[in-house]
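I'd like to ask some things about the structure below.
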């Protein structure tokens, strides 16, 4: 079985790459997907459909174009990893967690200890809380490879 | 038809009461539900099941007890109103939005204009964005009563 | 059993009222619902949330507010009646039919004979095609009351 | 991931071919499907099962045979592109849009600006509105290939 | 709780009435529904929509009108009782059983011992096989009333 | 796309082979599945689990073992072809049709003209009625290959 | 809202009555349901359909009759309470827990501390673990009544 | 078709290997999956995420990590084989059976005759009860290979 892993959340650190590299080193049978992580490209996703003067609608249009990608990948994933960093509000990450919870898709949260209180609802519906990408890799290795 | 309205999010202002009062004044056939909004009671929801030394597990236990209530009410609601204030991270509100999106439950977001960019994914899946409780009441009145 | 009947489509003739009156005369245990049929009010459904300079977004906003109502009523109905008149494009009526087909909700189409060719896909997924409101009433009477 | 794209709607212009060619030029990992676009063949789809004197039933039989194909492809697609031209009523396209909306399948509408008002409900449930096949190709390229 | 019981199958003996009377005598909180059991009325269900020269299409039209009723009642029932008599082919009864099986709706079959071999697939997916209406009543009484 | 075709019903004529051969001659991308068609083997499917003195339970046990296979293949098929011959009661074929109807799986019935009245409910939920295996092959060819 | 509470598991102590009494004392808006708790009646549930010489089939028949009741009540409940005592194997209780988990129905486990290791999978999918009926009542009171 | 077989339950005998070897000898097109069967590794599944002083939470954390694997494999399997040995309580096996029942996934139970009474609810929802791994292999061979 090839496992589809969706990587959701923070785009300002290299946690995705660390998980991808860690899984590659272990030769895990995994495929990764994710939202577009180039911030500017993501904000401009809808611009090709015509410029908007009103920022709300520019955001709206881009968010919907991005949703074509994210909904498809989340709906197809076996496991989601949802990362909360220490900056920004990252409501889209919590939104993805709620989506996974409703779809009964297992997800792992990845965040520091000082975020556990505000994330308690998100963690309660998760199947694991990791603090480091290495831990995520170890969990994936166990889940996929252990006899 | 009696409409079930779930009120999710911020618990530090009286937006819920404003919406409830506004609907009552219009005699709309609505029933409201919500998470427990007494912050201390909510944090202590699991304490009756035994004390925890580790705060993570206290939060975990309480969050799960609260989920018995919130999952039931969200699953039963016809419309959710999801409020983001200007303080705190309110990841549970975004989590509820993602849950509603996955369940195809219509939801209305309620937040100030300066939150539109970080909430663009949440707003894109919403069926309306309101800035004031009065606007929510007007939308509910239109949706339920207009001929 | 109280039957919920959703009346979708054309808003420029009194077909809804004829069906409602016909069912009332027969004392059928039915409740009717429908989109907002006041054309101007429907087009303005989102205006309370703020004016839009761009007509596309005004329409978009209003269509989403209307969807709060229509999705809820369609999801709750037992039978939909979907009316196509001889004017206008009425794509929303065909959209509702596709929605019902996907949800396995039985629906009856109501239209003249000269529309049967362009409506063949919509009629093929319907459980009945009626030409007059009286026929719809007779079908409802049979479905609900016949021993 | 191989993306399945369903192309629904107008059959009198070469928009399908333009999208297919555009995606091929970009070497996107996509597979296209569609209803039968040969109008005469489509109208005659049921004739092999026996001739019908009554045109309604000939249409009915053919529409059902065509539905074997279209339901399967729509149910299997990741993204639908739904095209409305300036001629004909194209209720089947709007029907497909409603079907996708109910199944939570992302879809992109493709139509001119002067159709935005009558298509507002269909566009409101879409994740993008494009005016040209080139825009659809750009959106697909972004959704599938962007890092 | 009010239990909805759907009574499917044979229309040439009074088994329905025996079950209804038996449940009434026990004052069980049940509501019964069923297809139209007047054979002629059922065959003519679609006639109000226009006469058909071709018997296949007359049957087709009537069967679809009847399906508005039967699909709704089966979808709403808590338990189906499916009766096979010793005459006629009664494929609609077996069809209803397959429908219930797919929907995970519990059903009880009611038929003589000499039909057990040809009905083995239908019985295998049933939760009980009864030979007499009295047995069905006793089962319903146990299921609903026993402490 | 590889199409999965489930062949249900009569086991006393070679209709399955005719369809398989016809599709092979056309090089259609199809895979066929079916219940076990060796009557004796099918009746004895459960014997390996221990002999039964009571024929009802022998049938029951075998029918359940067979259901492991049939439920899996029906759940995985894109199209079912359901054949009713002129002998036997074939309730399992009608059961399969009801199962497909509830799962929204397209199915084609295959039977002679003199069975149309007793099969009217089964045909009404089908997407095509064919009289010969050749017609089924032509329909499959059209559905799968036609441009 | 009236809450439906399903009480599953051990039948040899009075835990059900304690929960029912506790909720009544608090005037909670709850309705309780449960499997038949009279052990002998439950084992004999299928006897009315005919005696069985083979105990396996007697059990089988009774278990299926009981499933008519239990499946219906579990499918309708808002919350399940699942009790494991210190005697017997109580696999049906764990079976109900797995059923609830798959249906996303919130459940509370009720068992002593010395069972936590063998019940770890069952508890992990639960939303609360209580040791006493009083705790269950307090949780229900909080979930239903707390503001 | 490649069949996915999930092997649930007892980890203290070599029944899994016997089934795997038996299927390999018959060259059945099957893939097997299972929970982690190394007892110590399974109990320690969550330890990488941080040590726990409280055994309940250590179990809880490990059970959730294991659930990432088991939920995925059960959701993907075509058939589950669920084994109950004569030692331990094996509530997780019964939990898996309940999960399969709710998901309509066919399952085969594997246990000795003296467990039939306490397992009657679990067996009633199964499609076969086997006493030996050889019987399971024979059933799989029949289901997959028989013509």
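A, B, C, D, E, F, G and H are the chain letters, set down in written order, and residue numbers restart from 1 in every chain.
One rule holds for everything that comes next: contacts are C-beta pairs under 8 Å (C-beta built on N, C-alpha and C of every residue); 3 or more make two chains touch, one makes a residue touch a chain.
Predicted model only: the values in this text are computed from it and were never measured.
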| item | value |
| --- | --- |
| Same or different residue numbers at the chain F/chain H copy interface, by half rule | different |
| Candidate from B-H, F-H or D-E with the same interface as C-E, over half of contact pairs in common | F-H |
| F-G or E-F, whichever has more C-beta pairs in contact | E-F |
| Chain whose mean Cα position lies farthest from chain B | F |
| Separation of mean Cα positions, chain F and chain D [Å, integer] | 31 |
| Rounded Å distance, chain B centre to chain D centre (Cα mean) | 37 |
| Separation of mean Cα positions, chain E and chain B [Å, integer] | 43 |
| Whole-Å separation of chain centres (CA-atom averages), chain A against chain B | 23 |
| Residue numbers of chain C (touch at least two other chains) | 64, 67, 104, 129 |
| Partner chain G, residues of chain B touching it in the complex | 31, 33, 36-38, 41, 45-46, 48-50, 61, 64-65, 67-69, 71-72, 76 |
| Chain E contact footprint on chain D (complex, rising order) | 52-54, 57 |
| Chain B residues touching chain A - in the complex, by the definition given at the top | 55-56, 59-60, 62-64, 66-67, 70, 84, 88-103, 113, 116-125, 129 |
| Residue ranges of chain F touching chain D (in the complex, touch as defined) | 1, 3, 78-79, 104, 106, 108, 126-131, 135, 138-139, 142-144, 146-147 |
